[in-house]
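Next come two complexes, and both contain chain A; in the first it sits with chain B, in the second with chain C.
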Partner chain A sequence: MISLAGRDILHAWGKFVFTGVGLGLLIGVTLTMAGVYRGMVDDAKVLLSNSGADLWVVQKDTLGPYAESSSLYDDTYRGILGMPGVARAANVTYLTTQVRHGDRDVRAMVVGILPNGPGEPGYLVAGRQITRSHYEAVADIATKFKLGERIQIRRNRYTVVGLTRRMVSSSGDPMVFIPLKDAQEAQFLKDNDAIINQRGRTAANPAFNRPGVPGLLDAVIASQSGNPFVNAVLVQIKPGFTAEEVADPIRRWKRLQVYTRAQMEEILVAKLIATSSKQIGMFLVILAIVSAAIVAFIIYTLTLGKIREIAVLKLIGTRNRTISSMILQQALGLGVIGFVVGKISATFWAPMFPKYVLLEPGDAARGFIATMVICALASVLAIRAALKVDPAEAIGG
Partner chain B sequence: MADMQENGIHIEGLRKRYGEGDTAVDALKGVDMRVAPGEVVGLIGPSGSGKSTLLKCLGAVIEPTAGRMTLGSDVIYEDGWKIPDLRALRRDKIGFVFQAPYLIPFLDVTDNVALLPMLAGRSNAESRKRALEILDALDVAHRARAMPSQLSGGEQQRVSIARSLVNHPPVILADEPTAPLDSERALAVIRILNKMARQYNTAIIVVTHDEKIIPTFKRIYHIRDGQTHEEVGEGRAFE
Partner chain C sequence: MKRFPASRRTISLVAVLALLAAAFGYVALRSGPFTPIPVTVTTVESKAIAPSLFGIGTVEARYTYRIGPTVAGRVKLVHVNVGDMVEAGQQVAEVDPVDLDDRIASQEASLKRAQSSVLAAEAQVRDGAARKTYAETQARRYDELQQKQFVSEEADEAKRQEHQIALANFDAANANLNAARQDIARLRADRDGLIQQRANLRLVAPVNGLVVARDAEPGTTVVAGQAIVEIIDPTSLWVNVRFDQSRAFGLRADLSTTIVLRSQAHKTISGHVARVEPRADAVTEETLAKVVFDQTPEHLPPLGELAEVTVALPELAAAPAVPNAAIKHLDGKTGVWVIEGDALTFVPVRVGASDLDGRVQILEGLKVGDRVVVYSRRDINAHSRIKIVDSLTGNKP
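Right, the complex of A and B next:
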């Protein structure tokens, strides 16, 4: 038996291809939306992987350092180093800010790290790691900085000594790594006017400027000028210990919040990007409905254009099953054309997006199945119309 | 099948009523008709006389209200359908030729004709072989690969006739097959139908208003107010 659907598609291939391309662009947008969500999840996981940490120690009762702000004294890590199962511990700060580069700004997450400590970028694509205590930076290539270029973070200038890749924040901003001390200063540094003003206020306070207590005022001012805080302590555990085995004593004895990798993933994926994922989910639902409506409308219109032929087919003995199959195959054919166009389009334009778009084969497979199901459902209306056609319509009168 | 080809189609007291009660309309009021194998008869009558209703009943498209209808030795209707699969009956035992050719626009000439044997379960190769034989008999084999839109009106109608004949049905119902054609082509179509009726021993009923072809029939059924009256035609062009 010849394929009636195939012949009809070949006969009116222009109509099918153009319709398929239109549908395909819609499917491409749908796949891209799914890719945007996957990219966000992947960014979150990459953020955790690249930190090199097994545990995140943060301020008690916070979801820091990524989902909420967290502040710890920068000597906290010393006590943590003495806890059982801790191999390495290092302070880290995170600050999302505009980084000046020539006459343009780049939004980036500035990470303060200790050289050779947890939190340092795992690999570089060019240059070297930070070796000096000040004014060196390693940047993600998404910032488009070049080796040797000078960038400005707050009031200080840094030289880009290394380039890394796929080091992004959970919101997709590229990371710029700078020495911890510089990062602490950048986070809490006030402008000169504010410092002078604060010193004046402190000096005017009789509690801090007591006659007969030399050095008190200087000590208070010194404590106000420095920044002894970091956002988190990244901990690597010794082999043979589980994350929970190490985390529990820190929670109990240091009165700090400790998150394992699984817990941190839960925070990032389920909490930090939950609203975004719902937003994207809504888009996907709407796009699926729009796609279904378009396919249904197209197949219905194509079927109505063949009412006389369908009447003739029924009159000469064609089974309803054959006619239904023809319409269903055309709907599925349209879906296949649309999906191929959509997949190619999404693959083509995904790298152009400013944030990472991850097109997973699993999503493509699910998208293909969804497209086929939508097309099959969309053909029901047309099949019903075709089955209602009276073969007597082929005979005049 | 041989028996059917020997007996043609025979209807007795066929009635068709549309609606019920006060609004009921009797479209057919006891129609009698017999068409022998190899015979072409005309069925003529004014609009609203019941021609199309009779054709639809004969084509097993609508169900008569009463009467008897036999195809060969098989009773296909007697106060109810006697054949369970009317679709198969239409496909295998009845050929249709329409006022317009109504070819499937996305199938070429061969496949338009071969579709019926394929629907009947024959292989593609055998169906196409049959189609080409019929197309050859109708002098359109040279257009076998053409699409319907590439054919002239006369060629399209010949392909339509080929489609109606390809399963060698014992009866062909032709609904004003010459309406869109000029005199020359109309007579050519009637000539072909007569030739095919003889060649395939098929009973052909031609519904027509066409004055130029009416004299070609040897037998004519006039239908008026749902009743038929048989008369002898001139049989002009084929003697």
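Right, the complex of A and C next:
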């Protein structure tokens, strides 16, 4: 038995394949949009994984350190280290800022870490981890910094000693890791003009600048220029303890807010990126509906374009089943080509996006099934139209 | 029942479909969960490590002389300006003596008056002595006359009494003379005291040095102990360095160091550790040390300039060493990923000393010749499929 569908496709294969490719690009866009959404959620999750923490200790009654600002005294970690079940605890600071390199500046999240502590990047792609306690940086490769380059964060210059990958903030900014002491300074340090103005303002205050008390002004200025704060304490727990078992005593006795991994994920995904991910999600839904409609129309018009041929087939006594299966096969074939082209194009253009686009195999599978279902449904419309054709049209119209 | 004719159309269609299928296969293998993670591998080598410590500090003068009056007063003159070199004993400032000069003049006058009083007392003594001699002679003569019964006993008694009175007057005159002389000594001491006080208001440099601050101008009232000028000994410059406590082990006096001043970042200056402070900074968790320049720098760095100090520790015996990028933390354990054949195993290790170039000695867990993963494109686990490459960033690490 000859394949009617195959014959028909062969008859005008260029048209068929190009329609498939066009459809594919549309499916590619839909898959990419799904990837953008997944990437957004993944950015939030990868931020948590990369911090290497099991618990986040932050200022009481805040959602810090990612979703809200939080500040703790930098000696808080000492008390936390003594709590049951705590294996390691380390201060950390986060600051989103412009990192300058030559004429260029890059928006990055500057993370202050303790060398060898939790919070250090878990893997590198080049260079080494920070060894000096000042003025070294490990940067995400997305910043396009190279090993050995000198970058400027606020007032100080740092040498890039290591490169890592996929270390991003929840908004997708690449991270730059620097030693904690420098980061504390960077977070607090005002520009020189502001410092001088502040000194002048203090000196103008008669309460601080008293002629009878030499040295008072200096003492006040010194006390204004210290920053004993960090944003959070990252805690790793000992094996054999659950996160809640460790978190509870800290909440109760240290009177600090403690988040477990699950709670943190909830905060990031449900609160921090909620609106923007919903925005993308909405767009994804509309795009999927539009794609489905376009697929259906294309198949319908393809069939209508062949009305005369179908009438001839009917005239020579072809059975309805054969005609239906021809249309269905063509629709599914179009769907397969479209999906394959879509998947390929999405994979190739995804890395070009400035933010991470995560193409999940699960999404691809769902996309494939959806494409097939839509094609099948669309072909039903076309089949109905085809079956209603009067064989006489082959001779007449 | 015949096959499709192997026409050019069929061949082109098959070719296009085959191309699509090949591209799809490539995409599926390269971007899915089946993609191997590119990693770089190094062989554990036995290496001698020369650990170093890195700290930052500020340039300070070992000796700072803050010169000011010992009593409150108004500044009359300041003879030196910031940047002047002064010699030991050179007058640098003067405090207004107010009435001190007048008081000295008054004392001088009193002294002169006292000297006149001494002359008067001396004259009285001479007068007394003359009266005493005369009365003595008279008394003796009347004694003899009385023995010969020429004068009455009463007259003799009277002469004897006159003699007694003359003696007493003489003693009194002598005492007066002594008192007048004591008065001179007292007045002279008073005057000398005032002159000393006057000299104390002229502030002199205690050593050869450099004026670094001029804190008060003529007319300013300063309290006791408040500095008018500050002088440092420029040959006594040193760097007050702070080392992170967690990486300050092995720091001791006499270790050689290299100093890089912020203003001369391209130039290293040699120095050595003068002493490690017995008292560390408990708030900032830093160990303090003083580092002196081996030779006083030609261009004196300004006090307070930031300096980076690297302290070279003695070289350690050779031991298996790996780059610090290879050290990973997994489930609370520190270890490395070892490749045996195709299998990845996480081997817990005990790490020893490390140097600033990021090489870490492994005390336990690895042997020379083991192959360990250094860089990876993603986090790896025991089930990861890996592909060994030379470099992850394109250029050689």
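Here, the second predicted complex is superposed on the first by the 358 of 397 C-alpha atoms of A that agree within 3 Å, B and C clash if a C-alpha of one lies under 4 Å from a C-alpha of the other, contacts with A are read in each partner's own complex, and residues count from 1 in each chain.
Following the convention adopted for this analysis, a residue touches a chain if its C-beta (ideal position, glycine included) is under 8 Å from a C-beta of that chain, and two chains touch if they have at least 3 such contacts.
These numbers were taken from a predicted model, which means no experiment stands behind them.
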* After lining up the shared chain so the two structures overlap, which partner does A:Ala392 touch, if you call chain B first and chain C second: first, second, both or neither? -> first
- Looking at the overlay, does A:Leu10 come into contact with chain B only (first), chain C only (second), both, or neither? both
Chosen between chain B and chain C, the partner touching more chain A residues is C
Could you say whether A:Leu328 touches chain B, chain C, both of them, or neither, answering first, second, both or neither?
neither
(message) Quick check for you: in the superposed arrangement, does A:Gly317 touch first (chain B), second (chain C), both or neither?
(response) first
**OP:** Examine A:Tyr123 and indicate which partner it touches, taking first as chain B and second as chain C; both and neither are also allowed.
**Re:** second
- Task: Would you check which partner chain A:Ile337 touches, where first means chain B only, second means chain C only, and both and neither mean what they say?
- Result: second
Exercise for the section: Please work out whether A:Ala247 is in contact with chain B alone, chain C alone, both, or neither, and reply first, second, both or neither. Expected result: neither
Review point. Which of the two partners, first being chain B and second being chain C, lies in contact with A:Val357: first, second, both, or neither?
Key: neither
Exercise for the section: Check the residue A:Gly162 against both partner chains and state whether it touches chain B (first), chain C (second), both, or neither. Expected result: second
On chain A, the footprints of chain B and chain C overlap at residues 1-2, 7, 10
Contacts from chain A onto chain C in the complex sit at residues 1-2, 6-7, 9-10, 13, 17, 49, 52, 75, 87-88, 114-116, 118, 122-129, 131-135, 141, 147, 161-163, 165-166, 181, 211-212, 214, 228, 236, 238-239, 337, 340-341, 343-344, 347-348, 359, 361
So, in the complex, the side of chain B touching chain A is made of residues 51-53, 55-56, 59, 61-62, 87-92, 96, 98-99, 102, 104-107, 111, 114-116, 118-120, 124, 147, 163, 175-176
Chain C residues touching chain A in their complex are 1-2, 4, 9-10, 12-13, 16-17, 20-21, 23-24, 27-28, 30-33, 54-56, 221-223, 226-227, 243-244, 246-247, 283-284, 308, 323-325, 327-329, 331-332, 354-358, 374-380, 391-393, 397
Chain A residues touching chain B in their complex are 1-2, 4, 7-8, 10-12, 308-309, 312-319, 322, 390-392, 394-397
